[in-house]
Amino acid sequence: MEVTLLVEATENAFRILGKAREHAIGVLDTAVQLTAEETRFFEEKRGQLLFTGAQRRKTRFQNFVGTTFILFAFWILLSGKFDAFHLTLGAMCCVLVAYLFHDLLFANVRVGDMRIVVARFIAYIPWLIQQIVLSNFHVAFLVLRRKMPIDPQIIEYKTKLETDISTVALANSITLTPGTITMDIKDGVFYVHALDQKVAEDLNAGEMEDRVAHIFMEADHLYVQDVLDAARIYGSLRV
Amino acid sequence: MTRDSHDVIVKTLARLLMPFMVVFALYVVMHGHHSPGGGFQGGVILAAGFVLLVISHGLEQTRKRMSEKVAEIISSIGVLIYGGIGVLCLILGGNYLDYGTLSKLLRVTPAEARSLGILGVEIGVALAVMAVMCTVFFAIFTAGESSQDDRSVK
Amino acid sequence: MLVKDVICIFFMLAGFFFFTTATLGLLRLPDFYARLHATGKGDTLAVVLSLIGLAVYHGFSLTSAKIVFIAVFMFLAQPTATHAISRAAFRCGVQPWTCERGVLLEDDIAKQGGEK
Amino acid sequence: MTQFFVVLGVGMCVLVLLCLYRATYGPNVLNRAAGLSAIGTKTLIILLLMGVIYDRVDMFIDISMVYALLNFIGTVVLAKYLERTGEA
(Lines give C-alpha, C1' and ligand atoms only; values in the text may rest on other atoms or scores of the structure.)
Protein backbone atom coordinates (compact mmCIF):
# COMPACT_ATOMS: atom_id res chain seq x y z
CA MET A 1 0.00 0.00 0.00
CA GLU A 2 2.63 2.45 1.08
CA VAL A 3 4.91 1.29 -1.69
CA THR A 4 2.27 1.96 -4.33
CA LEU A 5 1.68 5.41 -2.81
CA LEU A 6 5.39 6.08 -2.88
CA VAL A 7 5.64 4.97 -6.49
CA GLU A 8 2.68 7.16 -7.45
CA ALA A 9 4.16 10.12 -5.66
CA THR A 10 7.51 9.59 -7.40
CA GLU A 11 5.77 9.35 -10.78
CA ASN A 12 3.85 12.53 -10.07
CA ALA A 13 7.04 14.25 -9.10
CA PHE A 14 8.76 13.13 -12.30
CA ARG A 15 5.79 14.23 -14.39
CA ILE A 16 5.80 17.65 -12.76
CA LEU A 17 9.53 17.91 -13.27
CA GLY A 18 9.16 17.02 -16.94
CA LYS A 19 6.48 19.67 -17.41
CA ALA A 20 8.66 22.19 -15.66
CA ARG A 21 11.55 21.31 -17.96
CA GLU A 22 9.38 21.74 -21.02
CA HIS A 23 8.23 25.11 -19.72
CA ALA A 24 11.77 26.15 -18.99
CA ILE A 25 12.90 25.16 -22.48
CA GLY A 26 10.02 27.11 -23.99
CA VAL A 27 10.81 30.19 -21.96
CA LEU A 28 14.47 30.01 -22.83
CA ASP A 29 13.68 29.64 -26.51
CA THR A 30 11.41 32.66 -26.42
CA ALA A 31 14.05 34.64 -24.58
CA VAL A 32 16.68 33.75 -27.15
CA GLN A 33 14.35 34.65 -29.96
CA LEU A 34 13.46 37.96 -28.36
CA THR A 35 17.08 38.82 -27.76
CA ALA A 36 17.99 38.08 -31.35
CA GLU A 37 15.11 40.17 -32.63
CA GLU A 38 16.04 42.99 -30.34
CA THR A 39 19.65 42.93 -31.43
CA ARG A 40 18.66 42.93 -35.07
CA PHE A 41 16.22 45.77 -34.48
CA PHE A 42 18.85 47.86 -32.79
CA GLU A 43 21.37 47.14 -35.49
CA GLU A 44 18.92 48.18 -38.16
CA LYS A 45 18.03 51.28 -36.22
CA ARG A 46 21.68 52.21 -35.86
CA GLY A 47 22.35 51.70 -39.54
CA GLN A 48 19.33 53.78 -40.39
CA LEU A 49 20.42 56.57 -38.09
CA LEU A 50 23.93 56.50 -39.52
CA PHE A 51 22.49 56.54 -43.02
CA THR A 52 20.10 59.44 -42.49
CA GLY A 53 22.72 61.36 -40.54
CA ALA A 54 25.25 61.07 -43.35
CA GLN A 55 22.65 61.96 -45.94
CA ARG A 56 21.49 64.95 -43.94
CA ARG A 57 25.01 66.24 -43.51
CA LYS A 58 25.71 65.84 -47.21
CA THR A 59 22.51 67.56 -48.34
CA ARG A 60 23.03 70.29 -45.78
CA PHE A 61 26.42 71.10 -47.19
CA GLN A 62 25.05 71.03 -50.74
CA ASN A 63 22.24 73.36 -49.73
CA PHE A 64 24.67 75.72 -48.09
CA VAL A 65 26.90 75.96 -51.15
CA GLY A 66 23.97 76.31 -53.56
CA THR A 67 22.30 78.99 -51.46
CA THR A 68 25.55 80.92 -51.20
CA PHE A 69 26.05 81.00 -54.97
CA ILE A 70 22.47 82.01 -55.73
CA LEU A 71 22.55 84.76 -53.11
CA PHE A 72 25.87 86.04 -54.37
CA ALA A 73 24.47 86.31 -57.90
CA PHE A 74 21.53 88.22 -56.43
CA TRP A 75 23.90 90.52 -54.54
CA ILE A 76 25.81 91.33 -57.73
CA LEU A 77 22.51 92.07 -59.48
CA LEU A 78 21.56 94.44 -56.66
CA SER A 79 24.89 96.08 -56.01
CA GLY A 80 26.31 96.85 -59.45
CA LYS A 81 29.68 97.74 -57.92
CA PHE A 82 32.57 95.50 -58.83
CA ASP A 83 35.40 96.82 -56.66
CA ALA A 84 37.07 94.47 -54.20
CA PHE A 85 35.60 96.09 -51.08
CA HIS A 86 31.95 95.72 -52.07
CA LEU A 87 32.44 92.21 -53.46
CA THR A 88 34.08 91.10 -50.21
CA LEU A 89 31.28 92.67 -48.23
CA GLY A 90 28.74 90.86 -50.40
CA ALA A 91 30.50 87.52 -50.05
CA MET A 92 30.53 87.90 -46.27
CA CYS A 93 26.83 88.79 -46.19
CA CYS A 94 25.92 85.89 -48.47
CA VAL A 95 27.87 83.33 -46.43
CA LEU A 96 26.26 84.63 -43.24
CA VAL A 97 22.74 84.51 -44.68
CA ALA A 98 23.32 81.10 -46.26
CA TYR A 99 24.58 79.79 -42.92
CA LEU A 100 21.46 81.08 -41.17
CA PHE A 101 18.90 80.09 -43.82
CA HIS A 102 20.42 77.12 -45.66
CA ASP A 103 17.41 74.92 -44.94
CA LEU A 104 14.81 77.28 -46.36
CA LEU A 105 15.58 77.63 -50.06
CA PHE A 106 15.98 73.96 -50.94
CA ALA A 107 13.65 72.25 -48.46
CA ASN A 108 11.91 69.20 -49.97
CA VAL A 109 13.81 69.47 -53.23
CA ARG A 110 15.26 66.40 -54.90
CA VAL A 111 18.57 67.54 -56.28
CA GLY A 112 18.96 64.79 -58.87
CA ASP A 113 16.29 65.88 -61.34
CA MET A 114 16.53 69.63 -60.85
CA ARG A 115 17.56 70.29 -64.46
CA ILE A 116 14.61 68.47 -65.99
CA VAL A 117 12.20 70.29 -63.68
CA VAL A 118 13.61 73.68 -64.65
CA ALA A 119 13.48 72.85 -68.37
CA ARG A 120 9.92 71.62 -68.15
CA PHE A 121 8.87 74.62 -66.08
CA ILE A 122 10.26 76.98 -68.72
CA ALA A 123 8.31 75.03 -71.33
CA TYR A 124 5.19 75.44 -69.18
CA ILE A 125 5.43 79.24 -68.94
CA PRO A 126 4.17 80.15 -72.47
CA TRP A 127 0.97 78.18 -71.94
CA LEU A 128 0.52 79.93 -68.58
CA ILE A 129 1.02 83.37 -70.13
CA GLN A 130 -1.54 82.58 -72.78
CA GLN A 131 -4.00 81.57 -70.04
CA ILE A 132 -3.29 84.78 -68.08
CA VAL A 133 -3.95 86.97 -71.12
CA LEU A 134 -7.16 85.05 -71.78
CA SER A 135 -8.24 85.51 -68.18
CA ASN A 136 -7.57 89.23 -68.33
CA PHE A 137 -9.70 89.56 -71.45
CA HIS A 138 -12.35 87.57 -69.61
CA VAL A 139 -12.30 90.07 -66.75
CA ALA A 140 -12.30 93.01 -69.16
CA PHE A 141 -15.24 91.50 -71.03
CA LEU A 142 -17.14 91.02 -67.77
CA VAL A 143 -16.47 94.49 -66.48
CA LEU A 144 -17.14 96.47 -69.64
CA ARG A 145 -20.59 94.94 -70.14
CA ARG A 146 -23.51 96.76 -68.65
CA LYS A 147 -24.99 93.59 -67.16
CA MET A 148 -22.37 91.25 -65.76
CA PRO A 149 -23.11 87.65 -66.70
CA ILE A 150 -21.72 85.79 -63.72
CA ASP A 151 -22.92 82.81 -61.70
CA PRO A 152 -20.42 82.39 -58.85
CA GLN A 153 -20.05 79.06 -57.10
CA ILE A 154 -17.60 77.21 -54.90
CA ILE A 155 -16.35 73.88 -56.19
CA GLU A 156 -14.21 71.27 -54.47
CA TYR A 157 -11.36 69.82 -56.45
CA LYS A 158 -9.47 66.76 -55.29
CA THR A 159 -5.85 66.71 -56.34
CA LYS A 160 -3.32 63.89 -56.63
CA LEU A 161 -0.27 66.10 -56.17
CA GLU A 162 1.81 65.48 -53.08
CA THR A 163 4.74 67.84 -52.62
CA ASP A 164 4.51 71.44 -51.47
CA ILE A 165 6.01 73.07 -54.49
CA SER A 166 3.75 71.38 -57.02
CA THR A 167 0.70 72.21 -54.91
CA VAL A 168 1.77 75.83 -54.88
CA ALA A 169 2.36 75.85 -58.63
CA LEU A 170 -1.08 74.37 -59.25
CA ALA A 171 -2.81 76.75 -56.82
CA ASN A 172 -1.20 79.85 -58.30
CA SER A 173 -1.92 78.61 -61.82
CA ILE A 174 -5.57 78.14 -60.86
CA THR A 175 -5.64 81.67 -59.48
CA LEU A 176 -4.19 83.08 -62.69
CA THR A 177 -6.34 81.18 -65.19
CA PRO A 178 -9.75 82.50 -66.30
CA GLY A 179 -12.56 82.63 -63.82
CA THR A 180 -11.11 80.71 -60.89
CA ILE A 181 -9.28 81.53 -57.66
CA THR A 182 -8.00 79.11 -55.05
CA MET A 183 -9.66 79.87 -51.76
CA ASP A 184 -8.41 77.16 -49.45
CA ILE A 185 -6.41 73.95 -49.39
CA LYS A 186 -7.31 71.28 -46.86
CA ASP A 187 -5.70 67.83 -47.05
CA GLY A 188 -5.27 67.88 -50.79
CA VAL A 189 -8.73 69.28 -51.53
CA PHE A 190 -8.81 72.63 -53.28
CA TYR A 191 -11.78 74.90 -52.60
CA VAL A 192 -12.05 76.95 -55.76
CA HIS A 193 -14.28 79.97 -56.37
CA ALA A 194 -15.45 79.84 -59.98
CA LEU A 195 -17.24 82.65 -61.77
CA ASP A 196 -19.52 80.41 -63.83
CA GLN A 197 -20.35 76.82 -64.70
CA LYS A 198 -18.11 76.55 -67.75
CA VAL A 199 -14.81 77.32 -66.03
CA ALA A 200 -15.71 74.91 -63.25
CA GLU A 201 -16.12 72.13 -65.81
CA ASP A 202 -12.84 73.14 -67.44
CA LEU A 203 -11.06 72.80 -64.11
CA ASN A 204 -12.61 69.44 -63.36
CA ALA A 205 -11.32 68.13 -66.69
CA GLY A 206 -7.90 68.31 -65.03
CA GLU A 207 -5.71 69.46 -67.91
CA MET A 208 -3.75 71.88 -65.76
CA GLU A 209 -3.12 69.32 -63.05
CA ASP A 210 -1.67 66.93 -65.61
CA ARG A 211 0.66 69.63 -66.88
CA VAL A 212 1.86 70.51 -63.36
CA ALA A 213 2.27 66.83 -62.48
CA HIS A 214 4.33 66.40 -65.62
CA ILE A 215 6.61 69.29 -64.65
CA PHE A 216 7.37 68.03 -61.17
CA MET A 217 7.31 64.36 -62.25
CA GLU A 218 4.68 63.27 -59.80
CA ALA A 219 2.09 60.54 -59.56
CA ASP A 220 3.52 58.51 -62.43
CA HIS A 221 7.24 58.78 -62.00
CA LEU A 222 9.84 56.76 -60.09
CA TYR A 223 12.71 58.77 -58.72
CA VAL A 224 15.58 56.76 -60.18
CA GLN A 225 18.19 59.28 -59.13
CA ASP A 226 17.02 59.10 -55.55
CA VAL A 227 17.42 55.33 -55.42
CA LEU A 228 20.89 55.53 -56.96
CA ASP A 229 22.01 58.18 -54.45
CA ALA A 230 20.75 56.18 -51.49
CA ALA A 231 22.39 52.96 -52.74
CA ARG A 232 25.77 54.65 -53.09
CA ILE A 233 25.75 56.17 -49.63
CA TYR A 234 24.52 52.99 -48.00
CA GLY A 235 27.15 50.87 -49.77
CA SER A 236 29.98 53.12 -48.65
CA LEU A 237 28.71 52.91 -45.08
CA ARG A 238 28.47 49.12 -45.01
CA VAL A 239 32.02 48.60 -46.32
CA MET B 1 -2.07 81.11 -32.14
CA THR B 2 1.42 79.71 -32.00
CA ARG B 3 0.69 76.55 -33.94
CA ASP B 4 1.42 76.12 -37.62
CA SER B 5 -1.18 77.69 -39.80
CA HIS B 6 -0.81 74.97 -42.50
CA ASP B 7 -1.11 77.39 -45.36
CA VAL B 8 1.07 75.68 -47.93
CA ILE B 9 1.21 78.53 -50.42
CA VAL B 10 2.25 81.34 -48.08
CA LYS B 11 4.62 78.96 -46.31
CA THR B 12 6.40 77.95 -49.50
CA LEU B 13 6.61 81.47 -50.84
CA ALA B 14 7.98 82.76 -47.53
CA ARG B 15 10.53 79.95 -47.57
CA LEU B 16 11.68 80.89 -51.05
CA LEU B 17 11.62 84.63 -50.41
CA MET B 18 13.27 84.86 -47.00
CA PRO B 19 16.99 84.56 -47.96
CA PHE B 20 16.58 87.04 -50.81
CA MET B 21 14.81 89.46 -48.53
CA VAL B 22 17.59 89.32 -45.95
CA VAL B 23 20.25 89.81 -48.63
CA PHE B 24 18.29 92.78 -49.98
CA ALA B 25 18.08 94.28 -46.50
CA LEU B 26 21.83 93.85 -46.06
CA TYR B 27 22.32 95.53 -49.43
CA VAL B 28 20.22 98.47 -48.30
CA VAL B 29 22.29 98.73 -45.12
CA MET B 30 25.68 98.40 -46.81
CA HIS B 31 24.98 100.80 -49.67
CA GLY B 32 23.41 103.47 -47.50
CA HIS B 33 25.90 106.10 -48.69
CA HIS B 34 25.34 105.46 -52.43
CA SER B 35 21.59 104.91 -52.69
CA PRO B 36 18.45 105.62 -50.67
CA GLY B 37 18.43 103.62 -47.52
CA GLY B 38 20.63 103.05 -44.56
CA GLY B 39 20.48 101.53 -41.16
CA PHE B 40 16.86 102.24 -40.27
CA GLN B 41 15.37 101.09 -43.56
CA GLY B 42 17.51 97.96 -43.73
CA GLY B 43 16.65 97.08 -40.16
CA VAL B 44 12.96 97.45 -40.88
CA ILE B 45 13.20 95.17 -43.93
CA LEU B 46 15.07 92.59 -41.85
CA ALA B 47 12.36 92.76 -39.21
CA ALA B 48 9.70 92.42 -41.92
CA GLY B 49 11.40 89.23 -43.03
CA PHE B 50 11.11 87.82 -39.54
CA VAL B 51 7.47 88.93 -39.35
CA LEU B 52 6.80 86.99 -42.57
CA LEU B 53 8.56 83.97 -41.08
CA VAL B 54 6.41 84.13 -37.93
CA ILE B 55 3.25 84.49 -39.99
CA SER B 56 4.01 81.59 -42.30
CA HIS B 57 5.98 79.11 -40.21
CA GLY B 58 4.62 79.81 -36.75
CA LEU B 59 6.30 81.13 -33.64
CA GLU B 60 8.11 77.94 -32.69
CA GLN B 61 10.02 77.66 -35.96
CA THR B 62 11.03 81.29 -35.75
CA ARG B 63 12.26 81.01 -32.18
CA LYS B 64 14.91 78.57 -33.41
CA ARG B 65 16.44 81.43 -35.42
CA MET B 66 15.50 84.49 -33.40
CA SER B 67 14.14 84.28 -29.88
CA GLU B 68 13.31 87.11 -27.53
CA LYS B 69 16.51 86.65 -25.58
CA VAL B 70 18.65 86.76 -28.73
CA ALA B 71 16.76 89.87 -29.87
CA GLU B 72 17.54 91.61 -26.59
CA ILE B 73 21.22 90.73 -26.86
CA ILE B 74 21.38 91.87 -30.50
CA SER B 75 19.73 95.19 -29.73
CA SER B 76 22.29 95.81 -26.97
CA ILE B 77 25.10 94.90 -29.35
CA GLY B 78 23.75 97.32 -31.96
CA VAL B 79 23.61 100.20 -29.53
CA LEU B 80 27.08 99.23 -28.30
CA ILE B 81 28.49 99.38 -31.85
CA TYR B 82 26.89 102.77 -32.46
CA GLY B 83 27.99 104.28 -29.18
CA GLY B 84 31.36 102.57 -29.26
CA ILE B 85 32.33 104.10 -32.57
CA GLY B 86 31.23 107.52 -31.32
CA VAL B 87 33.19 107.20 -28.08
CA LEU B 88 36.19 105.88 -30.01
CA CYS B 89 36.19 109.07 -32.04
CA LEU B 90 35.96 111.03 -28.79
CA ILE B 91 38.93 109.15 -27.34
CA LEU B 92 41.01 109.71 -30.49
CA GLY B 93 40.65 113.45 -30.06
CA GLY B 94 37.72 114.41 -32.28
CA ASN B 95 34.07 115.13 -31.67
CA TYR B 96 31.43 112.49 -31.00
CA LEU B 97 30.98 110.46 -34.26
CA ASP B 98 33.71 112.44 -35.99
CA TYR B 99 34.83 109.59 -38.24
CA GLY B 100 37.83 111.41 -39.68
CA THR B 101 39.85 110.73 -36.56
CA LEU B 102 39.49 106.99 -37.09
CA SER B 103 42.09 107.23 -39.86
CA LYS B 104 44.87 107.02 -37.26
CA LEU B 105 43.51 103.72 -36.00
CA LEU B 106 42.64 102.13 -39.36
CA ARG B 107 45.69 103.46 -41.23
CA VAL B 108 43.68 104.82 -44.18
CA THR B 109 43.00 108.30 -45.52
CA PRO B 110 40.38 110.37 -43.62
CA ALA B 111 37.88 110.08 -46.50
CA GLU B 112 38.00 106.29 -46.45
CA ALA B 113 37.84 106.36 -42.67
CA ARG B 114 34.62 108.41 -42.90
CA SER B 115 33.11 105.84 -45.27
CA LEU B 116 34.06 102.92 -43.05
CA GLY B 117 32.87 104.72 -39.92
CA ILE B 118 29.47 105.44 -41.45
CA LEU B 119 29.24 101.80 -42.52
CA GLY B 120 29.93 100.64 -38.96
CA VAL B 121 27.40 103.02 -37.48
CA GLU B 122 24.78 101.90 -39.98
CA ILE B 123 25.37 98.24 -39.17
CA GLY B 124 24.89 99.05 -35.50
CA VAL B 125 21.70 101.00 -36.17
CA ALA B 126 20.34 98.21 -38.41
CA LEU B 127 20.98 95.56 -35.75
CA ALA B 128 19.34 97.65 -33.04
CA VAL B 129 16.30 98.54 -35.17
CA MET B 130 15.83 94.93 -36.32
CA ALA B 131 16.06 93.53 -32.82
CA VAL B 132 13.73 96.11 -31.30
CA MET B 133 11.16 95.65 -34.07
CA CYS B 134 11.29 91.89 -33.59
CA THR B 135 10.85 92.32 -29.84
CA VAL B 136 7.84 94.59 -30.36
CA PHE B 137 6.29 92.17 -32.83
CA PHE B 138 6.85 89.17 -30.58
CA ALA B 139 5.33 91.06 -27.66
CA ILE B 140 2.26 91.96 -29.71
CA PHE B 141 1.93 88.53 -31.26
CA THR B 142 2.06 86.65 -27.97
CA ALA B 143 -0.20 89.27 -26.33
CA GLY B 144 2.43 90.16 -23.75
CA GLU B 145 2.88 86.64 -22.38
CA SER B 146 6.40 85.60 -21.46
CA SER B 147 8.30 83.48 -23.94
CA GLN B 148 8.71 80.47 -21.64
CA ASP B 149 5.03 80.02 -20.87
CA ASP B 150 3.75 78.75 -24.19
CA ARG B 151 0.63 77.02 -23.05
CA SER B 152 -1.01 80.09 -21.71
CA VAL B 153 -1.02 81.41 -25.27
CA LYS B 154 -3.86 79.71 -27.04
CA MET C 1 10.66 107.73 -82.66
CA LEU C 2 12.68 104.62 -82.05
CA VAL C 3 11.51 101.03 -82.20
CA LYS C 4 12.32 100.79 -78.50
CA ASP C 5 9.92 103.63 -77.72
CA VAL C 6 7.14 102.07 -79.77
CA ILE C 7 7.51 98.75 -77.95
CA CYS C 8 7.59 100.57 -74.62
CA ILE C 9 4.46 102.59 -75.43
CA PHE C 10 2.64 99.45 -76.57
CA PHE C 11 3.45 97.55 -73.39
CA MET C 12 2.66 100.48 -71.11
CA LEU C 13 -0.67 101.16 -72.78
CA ALA C 14 -1.60 97.47 -72.55
CA GLY C 15 -0.67 97.54 -68.88
CA PHE C 16 -2.71 100.68 -68.34
CA PHE C 17 -5.71 99.10 -70.08
CA PHE C 18 -5.59 96.06 -67.79
CA PHE C 19 -5.09 98.29 -64.74
CA THR C 20 -8.23 100.15 -65.76
CA THR C 21 -10.27 96.99 -66.17
CA ALA C 22 -8.99 95.65 -62.86
CA THR C 23 -9.96 98.87 -61.08
CA LEU C 24 -13.39 98.96 -62.71
CA GLY C 25 -13.85 95.35 -61.71
CA LEU C 26 -12.87 96.21 -58.15
CA LEU C 27 -15.55 98.88 -58.16
CA ARG C 28 -18.33 97.18 -60.10
CA LEU C 29 -18.36 93.47 -59.31
CA PRO C 30 -20.98 92.40 -56.80
CA ASP C 31 -19.07 90.71 -53.99
CA PHE C 32 -15.71 90.29 -52.38
CA TYR C 33 -14.58 87.12 -54.15
CA ALA C 34 -15.55 88.44 -57.58
CA ARG C 35 -13.57 91.61 -56.86
CA LEU C 36 -10.57 89.46 -56.02
CA HIS C 37 -10.94 87.89 -59.46
CA ALA C 38 -10.50 91.33 -60.97
CA THR C 39 -7.52 92.48 -58.89
CA GLY C 40 -5.72 89.17 -58.62
CA LYS C 41 -5.57 88.57 -62.35
CA GLY C 42 -5.69 92.09 -63.72
CA ASP C 43 -3.03 93.59 -61.51
CA THR C 44 -0.63 90.71 -62.06
CA LEU C 45 -0.62 90.96 -65.81
CA ALA C 46 -0.74 94.77 -65.79
CA VAL C 47 2.21 95.14 -63.44
CA VAL C 48 4.26 92.65 -65.41
CA LEU C 49 3.42 94.36 -68.73
CA SER C 50 4.25 97.83 -67.37
CA LEU C 51 7.53 96.65 -65.90
CA ILE C 52 8.51 94.97 -69.16
CA GLY C 53 7.75 98.20 -70.98
CA LEU C 54 9.93 100.20 -68.59
CA ALA C 55 12.74 97.65 -68.86
CA VAL C 56 12.64 97.87 -72.65
CA TYR C 57 12.71 101.67 -72.46
CA HIS C 58 15.68 101.67 -70.12
CA GLY C 59 17.73 99.42 -72.36
CA PHE C 60 20.05 96.60 -71.45
CA SER C 61 21.60 97.29 -68.05
CA LEU C 62 21.69 96.11 -64.46
CA THR C 63 18.73 98.35 -63.63
CA SER C 64 16.62 96.56 -66.24
CA ALA C 65 17.62 93.29 -64.65
CA LYS C 66 16.33 94.63 -61.35
CA ILE C 67 13.06 95.64 -63.02
CA VAL C 68 12.70 92.13 -64.44
CA PHE C 69 13.38 90.76 -60.98
CA ILE C 70 10.53 92.88 -59.58
CA ALA C 71 8.31 91.53 -62.36
CA VAL C 72 9.14 87.94 -61.41
CA PHE C 73 8.53 88.73 -57.77
CA MET C 74 5.13 90.30 -58.48
CA PHE C 75 4.24 87.34 -60.68
CA LEU C 76 4.77 85.07 -57.67
CA ALA C 77 3.52 87.35 -54.92
CA GLN C 78 0.29 88.70 -56.35
CA PRO C 79 -1.57 85.35 -56.63
CA THR C 80 -0.28 84.45 -53.18
CA ALA C 81 -1.63 87.64 -51.64
CA THR C 82 -4.95 87.06 -53.40
CA HIS C 83 -5.08 83.54 -52.05
CA ALA C 84 -4.23 84.75 -48.52
CA ILE C 85 -7.07 87.29 -48.46
CA SER C 86 -9.61 84.92 -49.98
CA ARG C 87 -8.59 82.21 -47.53
CA ALA C 88 -9.13 84.61 -44.66
CA ALA C 89 -12.61 85.40 -46.00
CA PHE C 90 -13.40 81.70 -46.53
CA ARG C 91 -12.27 80.76 -43.03
CA CYS C 92 -14.29 83.64 -41.60
CA GLY C 93 -17.38 82.25 -43.29
CA VAL C 94 -18.07 85.00 -45.80
CA GLN C 95 -20.63 83.56 -48.21
CA PRO C 96 -20.20 84.26 -51.92
CA TRP C 97 -22.78 86.22 -53.85
CA THR C 98 -24.98 83.99 -55.98
CA CYS C 99 -27.62 84.64 -58.58
CA GLU C 100 -30.42 83.48 -56.32
CA ARG C 101 -29.65 86.03 -53.67
CA GLY C 102 -28.77 88.82 -56.08
CA VAL C 103 -30.27 89.79 -59.37
CA LEU C 104 -31.51 86.73 -61.21
CA LEU C 105 -29.86 86.65 -64.59
CA GLU C 106 -31.20 84.86 -67.62
CA ASP C 107 -29.65 81.63 -68.75
CA ASP C 108 -28.46 82.71 -72.16
CA ILE C 109 -26.56 85.68 -70.76
CA ALA C 110 -24.80 83.37 -68.32
CA LYS C 111 -23.89 81.07 -71.20
CA GLN C 112 -22.42 83.96 -73.14
CA GLY C 113 -20.24 84.80 -70.18
CA GLY C 114 -19.08 81.21 -69.95
CA GLU C 115 -18.03 80.99 -73.55
CA LYS C 116 -15.43 83.70 -73.24
CA MET D 1 8.47 110.55 -74.46
CA THR D 2 8.51 112.25 -71.07
CA GLN D 3 5.07 113.69 -71.76
CA PHE D 4 3.77 110.19 -72.38
CA PHE D 5 5.09 109.04 -69.02
CA VAL D 6 3.62 112.08 -67.27
CA VAL D 7 0.20 111.44 -68.79
CA LEU D 8 0.43 107.78 -67.87
CA GLY D 9 1.39 108.69 -64.31
CA VAL D 10 -1.58 111.02 -63.99
CA GLY D 11 -3.85 108.26 -65.31
CA MET D 12 -2.44 105.90 -62.69
CA CYS D 13 -3.14 108.47 -60.00
CA VAL D 14 -6.77 108.61 -61.16
CA LEU D 15 -6.95 104.83 -60.90
CA VAL D 16 -5.50 105.05 -57.38
CA LEU D 17 -8.27 107.48 -56.47
CA LEU D 18 -10.85 105.05 -57.82
CA CYS D 19 -9.32 102.26 -55.74
CA LEU D 20 -9.36 104.57 -52.75
CA TYR D 21 -13.14 104.51 -52.95
CA ARG D 22 -13.11 100.76 -52.30
CA ALA D 23 -10.47 101.16 -49.61
CA THR D 24 -12.52 103.81 -47.82
CA TYR D 25 -16.14 102.79 -48.25
CA GLY D 26 -15.61 99.04 -48.66
CA PRO D 27 -18.41 97.21 -46.86
CA ASN D 28 -15.99 95.37 -44.59
CA VAL D 29 -12.34 95.01 -43.70
CA LEU D 30 -11.59 92.40 -46.36
CA ASN D 31 -12.74 94.69 -49.16
CA ARG D 32 -10.55 97.41 -47.74
CA ALA D 33 -7.59 95.05 -47.68
CA ALA D 34 -8.16 94.16 -51.34
CA GLY D 35 -8.37 97.87 -52.23
CA LEU D 36 -5.15 98.63 -50.35
CA SER D 37 -3.34 95.83 -52.13
CA ALA D 38 -4.49 97.19 -55.49
CA ILE D 39 -3.32 100.69 -54.52
CA GLY D 40 0.08 99.26 -53.59
CA THR D 41 0.65 97.68 -56.98
CA LYS D 42 -0.29 100.90 -58.76
CA THR D 43 1.99 102.93 -56.50
CA LEU D 44 4.88 100.66 -57.48
CA ILE D 45 4.41 101.61 -61.13
CA ILE D 46 3.96 105.30 -60.27
CA LEU D 47 7.27 105.30 -58.37
CA LEU D 48 9.06 103.79 -61.35
CA LEU D 49 7.45 106.33 -63.69
CA MET D 50 8.69 109.11 -61.41
CA GLY D 51 12.15 107.61 -61.62
CA VAL D 52 12.01 107.63 -65.41
CA ILE D 53 10.70 111.20 -65.51
CA TYR D 54 13.40 112.53 -63.17
CA ASP D 55 16.02 110.31 -64.83
CA ARG D 56 16.99 108.60 -61.59
CA VAL D 57 15.70 105.07 -62.18
CA ASP D 58 18.61 103.46 -60.34
CA MET D 59 17.51 105.30 -57.21
CA PHE D 60 13.78 104.78 -57.48
CA ILE D 61 14.11 101.08 -58.34
CA ASP D 62 15.24 100.31 -54.80
CA ILE D 63 12.33 102.21 -53.32
CA SER D 64 9.83 100.44 -55.52
CA MET D 65 11.38 97.07 -54.67
CA VAL D 66 10.94 97.81 -50.98
CA TYR D 67 7.41 98.96 -51.71
CA ALA D 68 6.54 95.72 -53.54
CA LEU D 69 8.00 93.67 -50.70
CA LEU D 70 6.24 95.56 -47.92
CA ASN D 71 2.95 95.60 -49.84
CA PHE D 72 3.02 91.82 -50.12
CA ILE D 73 4.00 91.30 -46.49
CA GLY D 74 1.40 93.80 -45.29
CA THR D 75 -1.38 92.11 -47.23
CA VAL D 76 -0.44 88.65 -46.00
CA VAL D 77 -0.10 89.78 -42.39
CA LEU D 78 -3.45 91.58 -42.53
CA ALA D 79 -5.09 88.48 -44.02
CA LYS D 80 -3.61 86.23 -41.35
CA TYR D 81 -4.71 88.61 -38.61
CA LEU D 82 -8.28 88.71 -39.92
CA GLU D 83 -8.29 84.93 -40.28
CA ARG D 84 -7.13 84.45 -36.71
CA THR D 85 -9.55 86.85 -35.10
CA GLY D 86 -12.41 85.65 -37.28
CA GLU D 87 -13.90 89.11 -37.77
CA ALA D 88 -14.57 89.84 -41.37
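Should a chain be cited, it is by its letter among A, B, C and D, assigned in written order, with residues numbered from 1 in that chain.
To be clear about the criterion, contacts are C-beta pairs under 8 Å (C-beta built on N, C-alpha and C of every residue); 3 or more make two chains touch, one makes a residue touch a chain.
All of these numbers come straight from a predicted model, not from anything done at the bench.
In terms of the stated touch criterion, the partners common to subunit B and subunit D are C, listed by label. Looking at which of A-B and A-C shares more C-beta pairs in contact, the answer is the pair A-C. Centre-to-centre separation of subunit A and subunit D, using mean CA positions: 36 Å. Annotation: 32 Å between the Cα-based centres of subunit A and subunit C.
With each centre defined as the average position of its C-alpha atoms, the distance from subunit C to subunit D rounds to 13 Å. Shared interface positions of subunit C, defined as residues touching 2 or more other chains, are 22, 24, 36, 46, 66, 69, 76-77, 80, 83-84, 87, 89, 91.
Looking at subunit D, residues 58, 65, 69, 76, 80, 83 sit in touch with two or more other chains.
Counting partners per residue, subunit B has 7, 9-10, 13, 16, 24 as the residues that reach two or more other chains.
Pairs of chains in mutual contact: A-B, A-C, B-C, B-D, C-D.
Put simply, subunit C touches subunit D in their complex at residues 5, 9, 12, 15-16, 19-20, 22-24, 26-27, 32, 35-36, 39, 43, 46-47, 50-51, 54, 57-58, 63, 66-67, 69-70, 73-74, 77-78, 80-81, 84-85, 87-89, 91-94.
Residues 1, 5, 10, 21, 24, 28, 35-37, 41, 45, 48, 51-52, 55-56 of subunit B touch subunit D in their complex. Touching subunit A in their complex are the following residues of subunit B: 7-9, 11-13, 15-16, 18-20, 22-24, 26-27, 30-31, 34, 65.
Here subunit B touches subunit C in the complex through residues 7, 9-10, 13, 16-17, going by the rule given at the top. The touching residues of subunit D, counted against subunit B in their complex, run 58-59, 62-63, 65-66, 69-70, 73, 76-77, 80, 83-84.
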